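Here chain A shows up in two complexes: once beside chain B, once beside chain C.
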Partner chain A sequence: MLLTLYKLMLIAILTGFLFSIFLVFAGKYLKGRLAILSALVPLGLFVYFLNFSKRIANGEVISQTFEWVPSLGVNLGFTLDGVSLIFALMITGIGFLVFAYTAAYLKGHEFLDRFYGYLGIFMAAMLGVVLSDNIISLFVFWELTSISSFFLIGFNNKEEASRKSAILALAITGTGGLLLLAGVLILGNVAGTYSIAEMLSSKEVIADSAHYILIVLLIFGAAFTKSAQFPFHFWLPGAMKAPTPVSTYLHSATMVKAGVYLLMRFTPVLGSTELWNSTLIIVGATTMVYAAIHTIFRTDLKGILAYSTISALGVLVFLIGLGTQDALLAACVFILVHALYKATLFLVTGIIDHETGTRDITKLAGLRKVLLPVAIAGILAAISNAGIPPSFGFLGKDLIYEATLHFGNSAVLLTILAIVTNILLLYAGFLAGIKPFTGKLPTTFEKVHLPSFLMWLPPLILATLGILIGLFPSIIQGSLIQPAVTALGESGSEIQLKLWHGFNLILALSATTIGVGALLYFIMKPSQKLENGIAKLEFIAPQTLVEKFGFGFGKFSRFTTGLIQNGYLRYYVSVIILFLVILTGYTLIQNTKYVFDYDSFSVLTVYEVLTVLVMIVGILFTVFTKSRLAAVAAMGVVGLAISLIFVYYSAPDLAMTQFSIDTLTVILFVLVLYKLPKYLNFSDYKVRIKDGVLSLVFGALITVLALEVLSEPQGSQLTDYYAENAYVLAKGKNVVNVILVDFRGIDTFMEIAVLTIAAIGVFSLLKLRLTSKNRR
Partner chain B sequence: MEFLLAILIGLLYASGLYMMLRRSLVKLIIGLILLSNGANLLIFLLGRITKGKPPIIPEESYNFLDAYADPVPQALILTAIVISFGLQSFAIVLIKRAYKVVKTDDLDQMNSTDEFS
Partner chain C sequence: MKTIILRTASDYLLPLLLLFSIFILLRGHYLPGGGFVGGLIASIAFVLHAFANGLENTKNLLRLHPGYLMPLGLLVATLAGLSPIFVENLPFMTGIWFQEPLPVIGMIGSALFFDIGVYLVVIGVSLTIIFTITESA
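Presenting the complex of A and B:
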């Protein structure tokens, strides 16, 4: 039984992909009432991963490797330890509730199957991220989460704002993905392995390597973009354009924590250095305070939740930066706490939006009268968010304060930052979880009715869990938290999660947080005015700067594209010739000897000189005449003069051919000439001079090249072969003819075929009658 | 003579390119013809020119008794002349048809399919 469970890991991860492929074919059957069946996929996976919890609790680490590209050291290696298990259970558990919720939320939506498909891809990719041991496959799954997030944010693709947000999110997280690729490649090179488990043993080698700083910065870049850390946070509020189930699942509970996961995963490998800890503390602290302050200025429920999510992610990065056992423990607990209450609040917001049609916090009130179960869920989540005992959130907050208080010299400063953040987060939680349900119900909302249980049950389950775990922390203490902390490299003392620690400083801090936060909630009223106030500062916001950069870059590339790809064929020709002249000319000037053996050249006779003169005049006339007929005639003269040259220099066949073809061309030209418009000179003087100079330089280059080739000795065995065998093998005395019809007979046959095709083309063009219908 | 021919070839290339850079379709084709004439002469010249010794084996002989002009470039050029005639005749007829439909032989007014605005 357990052996098969092992073997199933790859299939379990790929299930989401298989599910999506299945939807391509069977999607239309799953759009209607059967949509709820989709939820069985994450539920099954949740049960599957839950099966491992006992083994993980016993300190086992389950790993499994499949070869993928062994020659490059890339394989599908999966490891399930405490950290992975927490994430896997969150992904599948919340996934299950979100899948079920979606069935009601997007009921009857035209593209419901597509939506489930994207969610399936995301779930599989996210499981891949948190279970991969090989960092290359981790990167691949990481990119897949960004891509599925792109599709989900842009799900309402008829709205411009959705498309824009999707592109912005992809640009930021995609850039992070590239940084991650660079980071893991360098890391793999330094460590000599792509397996995280094997890297643990070469921690010193990596830390002492010259590339250590680069690796850390690249990994940071990936984590900060994905987990929306300042100054890369701005894609997350934009991502709230996605349907609420997506915001719940990807942009608060799971995907945005991939960056946090990455940092946790690499803490035992790269951590415990000044660079690692200080950077994470500074970035995390900045993010948590900055985003928490932002929540005050929002009136859109999802906007408030987005900023409080960013702030919570900042708290997590901050805790990982502290890096002590207390801090890592707090991080592990806070991930769960946050996932439970924030997912609840998002789902509650989704219901409010779905039923009332607004998310404006200034308009919402009194909904408890019509949406009672939703109100209970919202209030429970707000309690856990606020850290009011006996909720799970209280436990989490205690651990955070414990971590900051025991952090050496800067303990006071860090604790103050944590308190400020928590007060503001409490305020945000109260706004989202309590404010819409209290007070007097506006008459406009009296007709609001409770949606299907599929929508209100999931948030209620999550919110209840948030209280239950607080009451009985032993549920997760041994099975999840202890193995997770062990996996992070802290194998110290045994962990005790307790609600009650007695009267001490931490309790006082908790009480202060709750008191000040509640006071803030009663004094401060969210208003449009505040939101407009902060909007004035937007011109220095990172988002504005990035958008400006993107806009400018687009303009720049449009400019260069317009310059190079302007659609004029002759322009392309000039550029090609110009480069040819410059490159070849440079080589020629460098290497030419300019020594010509004039003696080997044949003697000039009067009639030859005359022929050449006629040609020169003909060419100049062709170029400069204003009459088209004259140009064609002069061109004919040039052609005939060439056939004379063929006569002089022992090429009777060529002379014949040139003569007849040249005549035919001129006749054909004249035949169609009278139909054409006036022979116009379109270009101005300047363009003609420019083209003329380029043409002359090009011509000169060809002349020099020809003379250069002539100064080299000639040797051709081919000629001798044909000369000797023309009569012997082919019974012909005109060697040119023998070559054409015998030695290279197939070529000539093809040539005839080409001419035939051209003739058919000419014929059909002449006979083509465009009726007025298809001429349009 | 080789020297004169080389200059002549250069002139043919230059005038061919210049005509190809014009906006009129007719000039484009005239340029193409001049350019292909230049290319033919270039091949001819680089195969070394010989006076009065065509590559034809004399009567009563199986082999060349005397020096002879190189037949290989001649075979190549013959093919080239014929093929370029196919191209030219097609192009000339195409201009005629194109003009009938779009009423212009200005290339700039024919590039609307891939115009970058």
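Presenting the complex of A and C:
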């Protein structure tokens, strides 16, 4: 029984992929009213993972390994511990609500099935990331999230801005994926294993290795790009071009948290070093303050939420950087707090956008009169976001201050940074959750009506949860938070989550935050002016720099491509030969002794001299003739002369093959040339001399090479072996043929396969060109 | 290029050359020859026919596009390579042989079938390339 349960973990991950494949065939039936049924997939997974919570709470770590590529040490190893469980529940839980919400949000959309397909792949990939124990499979799933999010962000693929954002996001997160691959490969080599669980025991080995810094920097690169840390944050606001359910899913609970997850996962393995902690603190703090300040200058609801998300991610990275038990606890709690309120705010924004047609915060007001349940959800989320008691957010904020206050020397500075960030986040949350619903309802919005419950219920559920958990933190204390902190390498069993800690400094700080934040909300008014003001600084923004770099890089590659891949076959041939001459020639000059055993050469006969003369005449004729056909025929003469030489040196097989190939080549040329216009003067005098010199050098090189091969003693051993064993082992008297079909038969097999591919290539190239011409 | 002499000759040359190519293919294991050369000779036979009679006529003669010979040949070669695994539980590409020689052909083994596969692929590849280029030139 236990075994079957274990096995289900792989199936659980695969469910999303299977669901997407299923949609390929059954998608059209799921587009209409049945769309809501697809929400059953994440719901089922959510219940499945919830079942584990009791065992996780008891301190169990559930792991299961399937062999995948055992020879490379790559297994599908899955581990479910506290951290994984938090993430798995967020992915499936919020996933369920997003799936349901989408059914109404994109109702009747032409490509609804496609959308669900992408969502399914994305969900499965995210589950794979947070459950993988093997870092190679973690990387594979990581890449899958980048790719599937590309499709989700660019879902409105008819808009140019949408496509651009998707490509930008893929470029940034894809770069991060490559860094991750490099990082895990080095890490795996140093640790001698690709399993994270096994790495825990070789922590010292990793920390002392010469590659430690490189590993950490590469992993940081992956996490910072994925989790939108400064200066890689700019893909996230762009990704807001996606439909709102996507923004909700990607930016509250999943995609961007993958980087945070990665850092958490590697904290016990790589953490507790100066490099690890300081870098994370600096990057996290920069991101959280920078992005929080940016929220002031936005008027688009989604833009505000995007920057406040970046800021929240900065807070998480910052907390992981602090690395104390307090800080890791705060991080675990804040992940949940943020997921709950940010998902709510996104969903609320989606409803507002869907019903009023605008997300401009300066225009929205008084919507509580027409969208009451939505208003409740928005306000509750804003409360949790602000950290007003008794919300869950209050708990989270307390823990953050607790962590910064107990952090040695720089406690004051860090606490001030945290307070500034929280004040601005509160402001952003009020803007998104309260501003649209208060004040006087503009006449233009009077006809706005409440959408289907599928849309307003999910945010309401999430917002209520944010308050409920605040009131009864014991719901998650034992089942999620304690095991999660334990999984991060600290002792988690004594952690008590409490709403009320008595009157102390932290409470005072919380009160200050709320007070100043609320004041800011009443004084500051978001305006187009502010947004325009910040736009002036755009020229030094990381996004502009990256785009400029990308543009320059494109120009550079266009230049080099034009230089090298110019479409003239004759240049390609010269370049290839020149390259070969330089490379081989260089090695030859370095290593050759030029000691040829002239005595072993056989004596020249009249026949050979005559044949070579014929060849020379043929070559000269080829070079100087004015007719294409004559040139080809002369080349044929050269080829036939070569096969004659093969005959003299008792290689009848080679001679026959050369003869047939030569015949075919000539015929082929004639067939093509027959249709071409008369000889044009392609190359001028200089080019001809250049080509001639190149050919002569190449020919000389091949000659030297051949002589070198002859003077190598190993060659004859091989020859003797084939000659002696051809009949004994392979029952053949023709050694050449025996080598081809038996001794080196697999080579021949590959060669005929390559020939086939070449023929298919020629066929499709020419035939496709014809059809496209006809179509025009 | 449709001269009567060439056309008449090609009618006789085609079967002769094909026979010759099979002869070359079969003797390959003991004397100069083999699937590759045999395949080239067979292709030359068809190309010559196309030269004399026009490509369309040769295609009509062949009925099937020569491209189909490529997968067929690959299949034959693969099966020949796999045969030792099924027949005698030996590794891939081990040569296995019939005990008694067959009249005219001689000893028959998996190597011969492999060579037949090569022969078919070579015909398919060269004819596909030549026919395609001829058509689009």
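Details
Quick note on the criterion: the second predicted complex is superposed on the first by the 562 of 776 C-alpha atoms of A that agree within 3 Å, B and C clash if a C-alpha of one lies under 4 Å from a C-alpha of the other, contacts with A are read in each partner's own complex, and residues count from 1 in each chain.
As a working rule, a residue touches a chain if its C-beta (ideal position, glycine included) is under 8 Å from a C-beta of that chain, and two chains touch if they have at least 3 such contacts.
If you're wondering where the values come from, they're calculated on a predicted model, not measured in any experiment.
By the touch criterion defined above, A:L10 lies against neither chain B nor chain C after alignment on the C-alpha atoms of chain A.
In the superposed model, A:A57 lies in contact with neither chain B nor chain C. When the two complexes are overlaid on their common chain A, residue A:T663 makes contact with chain C while staying clear of chain B. When both complexes are overlaid on chain A, the residue A:L217 reaches neither chain B nor chain C. Of the two partners chain B and chain C, it is B that touches the larger number of chain A residues.
Of the two partner chains placed by superposition, chain B and chain C are both touched by A:V672. In the superposition on chain A, A:K767 makes contact with chain C only, while chain B stays out of contact range. In the superposition on chain A, A:A753 contacts chain C only, with no contact to chain B. When the two structures are aligned on the shared chain, A:G745 is found in touch with chain C, with no touch to chain B. Of the two partner chains, chain B and chain C are each touched by A:N734.
Judged by the document's definition of touching, chain A residues 652-653, 657, 661, 664, 668, 672, 675-676, 733-734, 736, 740, 748, 755, 758-759, 762, 766, 770 lie at the interface with chain B and also at the interface with chain C. Across the complex, chain A meets chain C through its residues 652-653, 655-657, 660-661, 663-664, 667-668, 671-672, 674-676, 729-734, 736-738, 740-742, 745-746, 748-749, 752-753, 755-756, 758-760, 762-763, 766-767, 769-770.
Chain B meets chain A in the complex at residues 1-15, 17-24, 26-27, 30, 33-34, 37-38, 40-42, 44-46, 48-59, 62-64, 68-72, 74-75, 77-79, 81-83, 85-90, 92-97, 99-101, 103-108, 111, 114-116.
Those residues of chain C that touch chain A in the shared complex are 24, 28-37, 40-41, 43-44, 47, 51, 67, 70-71, 73-74, 77-78, 81, 92-93, 95, 97, 107, 109, 111, 114-115, 117-118, 121-122, 124-126, 128-130, 132-137. Note for the complex: chain A touches chain B at residues 561-562, 565-570, 573-574, 577, 596, 598, 601-604, 608-609, 612, 615-616, 619-620, 622-623, 628, 631-632, 635, 638-639, 642, 645-646, 648-654, 657-658, 661, 664-665, 668-669, 672, 675-677, 679-680, 682-683, 691-692, 694-696, 698-703, 706-707, 709-710, 714, 716, 718-719, 722-724, 726-728, 733-736, 739-740, 744, 747-748, 751, 754-755, 757-759, 761-762, 765-766, 768, 770, 775.
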